[in-house]
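Got a structure here, written out as structure tokens. Questions coming.
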Amino acid sequence: MATQQTRALGKLAVAPSVFALFVWMIVPLAMTIYFSFLRYNLLDPNIACSLMHPGQLFDAENRCLAGFSNYTYFLTDPAFFKAMGNSLILVGWVLGISVAGGTLLALLLDQAFYGRGFVRIMMIAPFLVMPTVSALVWKNMMMNPVSGFLAYLFKLVGLQPIDWFAHAPMTAVVIMVAWQWVPFATLILLTSLQSLDEEQKEAAEMDGTPPLSYFWYIVLPHLIRPMTVVILIETIFLLNVFAEIYVTGTGGRAGNLPFLVYQYGLISNDIGGASAGGIIAVILANIVAFFLMRMIGKNLEA
Amino acid sequence: MKRVYTGVLGAMMLAALASTALAETKLTIATVNNGDMIRMQGLTEDFTKDNPDITLEWVTLEENVLREKVTTDIAAKGGQFDVLTIGTYEVPIWGKKGWLVPLTGVDDPADLLPAMSGGLSVDGKLMAAPFYGESSMVMYRTDLIEKAGLKMPDAPTWEFIGQAARAMTDKAAETYGVCLRGKAGWGENMAFLTAMSNSFGARWFDENWKPQFDQPEWKATLDFYLSLMADAGPPGASSNGFNENLALFNSGKCGMWIDATVAASFVTNPKDSKVADKVGFALAPDNGLGKRGNWLWAWSLAIPAGTQKNDAAQKFIGWATSKRYTELVASKEGWANVPPGTRTSLYANPEYAKVPFAKMTLDSINSADPSNPTVKPVPYVGVQFVAIPEFAGIATTTGQIFSAALAGEKTADAALAEAQDAVTREMTKAGYIK
Amino acid sequence: MARAVSKRRKLIVTVLAWSIGLLIFFPILWTILTSFKSEGEAIELPPKFLFFAWTTENYAVVQERSNYLLFAMNSILLALGSTLFALVIAIPSAWAMAFAPGKRTKDLLMWMLSTKMMPPVGALIPLYLIFRDFGLLDTRGGIITVLMLLNLPIIIWMLYTYFKEIPGEILEASRMDGASLGKELLYVLTPMAIPGIASTLLLNIILAWNEAFWTLALTTKDAAPLTQFIASYSSPEGLFWAKLSAASTMAIAPILVLGWFAQKQLVRGLTFGAVK
């Protein structure tokens, strides 16, 4: 029973985090929204505008106001729909692979075998590798179509090596990202598996329950909640995958929304457009989050 | 007790003051991770022994990361760097905006190659000093061309390149007639294609900034490139950039390679290259229109406006781009390793003339003209780029489109139409097209 | 382990698990091996697995070019600093959410997670300008604050789920004894939640260590961590796979070692409240 006093204390205790996160959210957000209404090229903040568009309104720093044009340009950019599609494909595939692969690996790691600790760390290790390094390793040592290890394997069995980044850029990115995130799913699912009652396991074995129905009726229901957690956390991180696309140079065809925003901001130096893109990406991400909450939120009862 | 405390505190403050008075000037230098720049970091003792009050701190980054960091910093006036390594694309844009300090400490500026100093000056003032310069040229396998029964002229035409490439190709033996850039990027495939298009008489924009991808010259360029690569290029060419082609050429899989002149020192180095003793050089090809398909680029050192350390930075840039530095490298690592392409005196040096690719590099650089890059008049400066802030963005987009065409995802016509639309859109948005 | 597992089955599982484990680990293993090859052997096909001329030359070259220890020290300071900073703010919040929940606690939690949705590039220029104006560019304090804010939502969520498993009566009993909130948190709650806090700490050190956008954008040299170190080895002119591998190995080694020693904590601790 929380008393009046604890409630007050509680509010006080939550205040610092709420305040910090609120500032962290609102200040850049407000500035981004403001920039999104400016014609703001990083390399040419004002001159092009005041010279080329006499009579247009400008702000205190002599940057021209752009109205909603940054938004309309971003939303009508053919690259926008492609990027949105790529975002969804990437998140969808990696989530699917993570949940399925993570479950299988967790089941495997839950068995008794020799050298379990060692195998466990080998399976977790990709999660510990920084995304830039992972992308560099996959791009060069693994997937290079001439000297990469996969090319060697293909040649070994007499096949023409796949040129991943030219012919299957999305697949390549999905493989790289999944390699990093399956271990995370494995970790969480394994943790949960290990909390399955030892007695329950034994009972099932005594009864001679066939393994498949044991999995279906006992293990799987137990794993639903951790799967929800995996989906929620991974979605947050996967919506913002960037390093893998940037490093491998697959942004042209496998670029997601963050990459498009990057292309607007740091390659075209169009801060106005990038800001509009950022705002649109936030809105879309929150829509995804909202539906995610609706669908799986109840599994996370607080 | 209290007095002791004050005394100690006072002494500490004095010491702190004294050390600031004697403090060295720390120069933070942003630089790119290529061989010549890294070599310089190992040779700085020559500079610091004459300037004991200056210490150098290097921030070495991969090209794209460097460009993004430096651009953000100079545009937002972050003041993180005292010396910047930038390319010929940035210098005219930033110089015009007053973001760079004119250089005063450059060793014998009249000795710089005119093509270089011209591209790095704004209103007659040198805004950046070239550390090394490059153009592009044809590197070819002398043994393979002989086997094909052909002889490479010093100044080949595209027609000859096409014929030779097809004759040298032996796909079963993994020998491909020609390796060209296909990886998307404004500094990757678009550098090559833009330079190539100049020799076909194409241009990015007409005098009214109208994009020209719907013109026959661009179609001729792209058709030639795509059919050449289909017949005589390596598999997966659409993800090959400089590095990938270098590896292919060095492992003996390319008959010809048209790329940066700096590659010459890599492909002739027996330590890295299997074909070091079988490489010949020729000028980039032309089409009889008076322009060759070679580019012009220099990694240059510049000082951002607003630095507190202008004097030290000027001194450092003076040293790094001097003849003395060239001689220092020559004495330690040999003439083949000195930074090429910046000074007339280097090419007049009889020692350097012994380097096999010296003459061809100089001729290539001299034949590039940033102010008149192509056959028809253009409203912009730049051979393989257009020196406007929007260029990197639009060329990245077109690079992606042309790379997809090379991968066989779309036809040349579709790619050109798409490029025309995308560039028109961007130029309208940026206000060039009313 | 009361279950009797037949030896044969155990052997089969062993072979299977090791094969899959090695397959997953292979890219890392291959990187480590490549880092000991010469540049020539690094790109040679067919590749050599163990019988090549082992050399540590690449490590020497990398170390000569960039001061690894400085970058590694910054990585450690940033990862630890931001995580500890976040814990200090998060523990009271998680306590309040677990033991004095309001109607909106769950919404609050979800709102906190939603602050992670903005693509970082979109906020780069605003944040760069703020950092410039406050003199925070290339300072450890500045980047620690950013990493702290990035990880805070996850930390609060994790702690909240651990705290919820602690029976509230224990805390109430301590309060009866007249302990203040600070003492209650410090002497009663925290010790009971140590395993949970340790797992939280670990996960967030990993996330902070691997954060590569802000650390690259907002630092240059004094505060630059290993992400910056790697950026000077990726795609130079020419192929330098052996050196790239050496630099990669150096960048991931500390966190791999940490993972090795802490794997039990990781395997037990990442429940996010999903274990009943």
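Labels A, B and C are assigned to the chains in the order they are written; within every chain, residues are numbered from 1.
In this section, a residue touches a chain if its C-beta (ideal position, glycine included) is under 8 Å from a C-beta of that chain, and two chains touch if they have at least 3 such contacts.
Predicted, not measured: the structure shown is a model, and the values here were computed from it.
Asker: Which chain is most remote from chain A in terms of Cα centres?
Answerer: Measuring from the centre of chain A, the most distant chain centre belongs to B.
Asker: For which pair of chains is the number of C-beta contacts greatest?
Answerer: A-C
Asker: Using mean CA coordinates as chain centres, what's the chain A-chain B distance in Å?
Answerer: About 35 Å, centre to centre.
Asker: Using Cα averages as centroids, what's the distance between chain A and chain C in whole Å?
Answerer: 16
Asker: Going by the touch rule set out above, which residues of chain B reach two or more other chains?
Answerer: 72, 76, 247, 251 - these are the residues of chain B that touch more than one other chain.
Asker: Where in chain A do residues touch at least two different other chains?
Answerer: Residues 42, 146-147, 266 of chain A each touch two or more of the other chains.
Asker: Touching at least two other chains at once: which residues of chain C meet that condition?
Answerer: 43, 124-125, 129, 231, 234, 239
Asker: Along chain B, where are the residues that touch chain C in the complex?
Answerer: 28, 30, 33-35, 38, 41-42, 57, 59-63, 65, 69, 72, 76-81, 242-243, 246-247, 251, 262, 266, 272
Asker: Which positions of chain A touch chain C when the two form their complex?
Answerer: Within the complex, chain A touches chain C at residues 2, 6-7, 9-14, 16-18, 20-21, 24-25, 27-29, 31-32, 35, 42, 105, 108-109, 111-134, 136-138, 140-142, 146-147, 149, 151-152, 155-156, 179, 182-183, 187-188, 190-192, 194-195, 198, 201-202, 205, 225-226, 228-229, 232-233, 236, 239-240, 242-243, 247, 257-258, 261-262, 265-266, 271, 274-275, 277-279, 281-282, 285-286, 289, 293, 297, 300, 302.
Asker: Any idea which chain A residues touch chain B in the complex?
Answerer: 39, 41-45, 47-49, 52-53, 69, 73, 77-79, 144-147, 160, 163, 165-167, 246, 249, 251-253, 263-264, 266-270, 273
Asker: Which chain C residues qualify as touching chain B in the complex?
Answerer: Residue list for chain C touching chain B: 39-40, 43, 64-66, 124-125, 128-129, 131-132, 137-138, 216-217, 220-221, 224, 228, 231-239.
Asker: Touching residues of chain C toward chain A in the complex: what are they?
Answerer: Residue positions touching the partner: 1-3, 5, 10, 13-14, 16-18, 20-22, 24-25, 27-28, 30-31, 34, 43-47, 89-90, 92-93, 95-97, 99-102, 105-106, 108-110, 112-127, 129-130, 149, 152-154, 156, 181, 206, 209-210, 212-213, 226-227, 230-231, 234, 239, 241, 244-245, 248, 251-252, 255-256, 258-260, 263, 266-276.
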